[in-house]
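Presented below are the structures under discussion, each in the form of structure tokens.
There are two complexes below, and they share chain A, which is joined by chain B in the first and by chain C in the second.
Up next, the complex of A and B:
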């Protein structure tokens, strides 16, 4: 049973699994063009696009790049309803960062509209700069979201090992994703169990904080227990970080789609970076 | 012949623990043998399993003495990675051990670590999934599966390694009837084809006994009793003292034999019980006791004229991905009902139960709890009427002491502190737990934590209590105590819904059975009718209790085929044998 618009198989488990919660950095098993491209290609594209977003400060590059990434997300067939929360959270964070930039930057210009007591100011160039800053960071965030939504963590492992990254590094990255998913599942199971006891998040700020504190303590103790048990499970299946050779279930396969994506992205990236720094 | 497993004089104490978990334990298991281990909670069963796989002492802090050799390798010095190629370990409570993002990844993980070639990996994965009945589940997220399915995924992950020795801790826990049959078949298959040596820890002796050559009792880290199953279960008193739930037919034989100078072995299976009972009733007339006068343990059912506590009409639930979870469920549960909600793994039992507390809202139709529509009533108001005990009590226990925990639900309802204190004290007194009032939750065992979770809901005086597999991790003694508590609660007029796979529990306690299959109610009948309906039970992948199966096999001798409990069988046989005089038995 796969989900057509959101996370896979979020059918509640007997012990109180949550529905519809794994929506950040987690694989969404939707049939999409991204499935035809191998994970290493996607990883390279993500790294290149992120590099361009950070390295190049030009609206004629950054805005089309953001549009292309948004189109890419749309083409993946993932329902915006599913991504809405993630995109809103990311936008919110970026907005806060942007506002901080507004208050604490000093972009030279001909006119200073506002001068802050601490010495920074807002000039006629500040707003365009900040808007561009927002666009660049949003581009980098969305392209990474696109990657994680369309790539299993085991595929990421395959890609990283193909480029001969040490197994310990590959394991840390992929296991971090697994642990995040497990922790989120555990969190929602705990919230559900506590709702079944009448806990809600109404009341004063201190009431809410007190309730949140209870949940976090429960979460912490549950996490320690799960990590301890998970370590036994991993060891019982032969995991030794610095041991000998390993094989992989999934093979990295190259196809014409990889070439069709990599060649133009690589060429364009090189050209833009050369133009910027050459 | 050198033993496959050789445990010699092993002592083990966990770091910061005062008591030894294993005490001078010695044990030998020959190649190809299967050994079952039973004992009460805390006896050292899981500790022994970890020691056989080398995780104790290599990966666990503590004090170790003695020697364990598996396949000729010393488990305290041989690297664990080398050991796991010989010893496969399935730990209990599968949910906590699943770390993959798909079933496929979960099963492939061990094989990748051991550098298994890709083609061989795919072959073993398909084989393992076939054996546990989860073919087609490759891409599913393990954490979203039902409890029994998770257990099967964990077992499949171990099976893919095809070890020479398999150590299984509670492989049948939480698994439905079909799953148990598949797991049993897999165990037999592995022994038959590959000669795998097995060590199986399990509370369900009825599932365990037919699979093993020898049974072992652990008691506080020691090994006081071991024998072939036929001889092992003759020591009923010893086993009962150690909270081991002996097979029901063995218990039946023991009850019939007590004080009557009966010679001969007690039966341990339905087949041997049939012969045993035939020998004893041979020549007796069918009992003069009628059902009304004699052997039936009546379980009162609530009059249907009372307004229902739960009323589901045309209930339909569709998961956000479009999968239908429940279809056209019409159900009424009346005050005082004791309902067993049964069905295979993934049939919708928990989904249905969560509708009753408002954690899930219907897609179509409606659910009313004491007349209040769950779609429009806040959960906080519903929980005043419905108490839900999850399978894992630790997610519900969020305070430090027993007293605070029991008061927690009342605080959420906004009751005054004086009334809260009074109700907490009353509940503790009623349950006989006044001495535990100030105990810290973290010092309690799983069964005690389960009981605290139940008490914290009972104190809110809900009309309905829902328990999701409350006994699946408990030993025999703990299960009995918990079920007695629930019986008392039901006798005081509370409605109970018990989600379980254990038909013996259903027969002993429930007055009504509701069976779900693929989201539909396909059985709703009094317990006696439900457990006597072979066709329905087959559809639900359930098997009646041993006593009922025995009665059905003895039907040609005039035995009523709907005998449900051991008590009823004893009364019937007593009445029958009594017709030609007790001294005959």
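Up next, the complex of A and C:
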């Protein structure tokens, strides 16, 4: 099975990979505590922590929060070698942010190192501000990673159904996550086929746009061919759109692990938000 | 002894019944969502302005406009959810992704509504269709979506408000270029394929 995140095979070798189970992004150890926590709990934690990271701008809160999230990742058995992929993915946005903050911010300080002609400047407080932003961004991103690394598509479906989202909306999201790996393989097959025919992805902006157009047309036409096949398969299996309320194969069960995770995170979030805005 | 009466529909009821949501709509939305997520993540690296960094053109933009025109509200749903998943996979926090990707609703929704209101042909056969596409599918939707997409990160401290004009200009140029160059060939070449999926809509959802 190919990993969605980087189209590489992450299944651990040895012992037939039986010690790990597949999550949405990677393989996680069977005994990882994250597998005992309810997916809805994880979703609430992701939402709370990422909101906290952006709502509160204080190094005495943000740095400990990042440390807690990193400890959480380690406890859940998620290897830190996967983080380099995430950092690469984030690098674009972080680079834009850094350049924009350096060139266009005017954070008052005692010393002005550089003053730009358009009136903004770099003071001794600019760099700490950018570093604090990195900390807040990393906290929120790593919590996302925690969710994607420890949750399966079917668990996500159960969680979304529990918050009373319409069945079709949940089905669309989980089915999309499931076909992503398939379409990602197809995308790279198309790219490799075009490379084999001599297409390189360099050149002027106009060249790049025309090459992108060719790839997109191929990708979309092959996807539309799959749509009919998938529709027939789903109809043959009895999928009815307006069938009314449905029962679920897997019921959402609450355990003491959920309480152990949810109660501290909820109380901490409420306390911090009250302290900030109260 | 009880007799069960089966209600029999009058002949022709099925034929003249209002169109309903079909499985094809759901499947097309799922596949489109997956494509959008892939284009937001892996594909972005191929066309990077800075080698190795996903900066520059987002390949999802020229695809979401045809999806909206072909599949209506399903296309919008695919654009929103797909770009949301793509953003999360790129490491953008959930609290930022939810409001940020609303710009994709504007990007795909404005041409969708315009094509339905003016009854324009998605294959852009006449000059009128082309003008409608340029006004609503290249310029107006980019203006609204780019403005939203530039202002929301300011609220989260991603960049200072003084940087907005520069980022807005870069974002707008990239968006208009991609929509003007890539989207028309996609619409012309792939509208027959989209029709064959039996998921094209004339209204919003059917």
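Quick note on the criterion: the second predicted complex is superposed on the first by the 168 of 278 C-alpha atoms of A that agree within 3 Å, B and C clash if a C-alpha of one lies under 4 Å from a C-alpha of the other, contacts with A are read in each partner's own complex, and residues count from 1 in each chain.
Operating definition for what follows: contacts are C-beta pairs under 8 Å (C-beta built on N, C-alpha and C of every residue); 3 or more make two chains touch, one makes a residue touch a chain.
Since this is a predicted model, take the numbers as computed values, not measurements.
When the two complexes are overlaid on their common chain A, residue A:185 makes contact with chain B while staying clear of chain C. Once the two complexes are laid over each other on the shared chain, residue contacts for A:118 go to chain C alone; chain B is not touched. When both complexes are overlaid on chain A, the residue A:75 reaches neither chain B nor chain C. Touch criterion met: A:54 reaches chain C, while chain B stays clear of it. Once chain A of one complex is fitted onto chain A of the other, the partner contacts of A:236 are limited to chain B, with no touch recorded for chain C. When both complexes are overlaid on chain A, the residue A:27 reaches chain B alone and has no touch with chain C. When the two structures are aligned on the shared chain, A:205 is found in touch with chain C, with no touch to chain B.
After overlaying the two complexes on the shared chain, residue contacts for A:195 are found with chain B alone; chain C is out of touch.
When the two structures are aligned on the shared chain, A:247 is found in touch with chain B, with no touch to chain C. Comparing the two complexes, residues 4-5, 7, 175, 177, 182, 215, 217, 221, 225-226, 230-231, 234-235, 239 of chain A contact chain B in one case and chain C in the other.
Interface residues of chain C, counted against chain A in their complex, comprise 20-24, 26-35, 37-39, 41-44, 46-48, 50, 52-55, 57, 59, 62-63, 77, 81-82, 85, 88-96, 156-160, 162-163, 166-167, 177-178, 181-182, 185-186, 189-190, 193-194, 196-199. Chain A contributes residues 4-5, 7, 25, 46-47, 50-51, 53-54, 57, 86-93, 95-97, 100-101, 103-106, 118-120, 133, 136-137, 140-141, 143-145, 148, 168-169, 171-173, 175-177, 179-180, 182-184, 187-188, 191, 201, 205-206, 208-210, 212-213, 215-217, 219-221, 223-228, 230-231, 234-235, 239, 241-242 to its touches with chain C in the complex. Interface residues of chain A, counted against chain B in their complex, comprise 1-17, 19-20, 22, 26-27, 29, 152-154, 175, 177-178, 181-182, 185, 189-190, 192-200, 214-215, 217-218, 221-222, 225-226, 229-240, 243-249, 251.
Residues of chain B touching chain A in their complex: 50, 53, 55, 59, 79-81, 84-85, 88-89, 91, 93, 95-102, 104-105, 108-118, 121-122, 125, 139-141, 143-148, 150, 157, 161, 174, 319-323, 325, 345, 349-351, 354, 357, 359-360, 378-380, 383-384, 388, 390-392, 394-399, 408-409, 412-413, 456-457, 460, 468-469.
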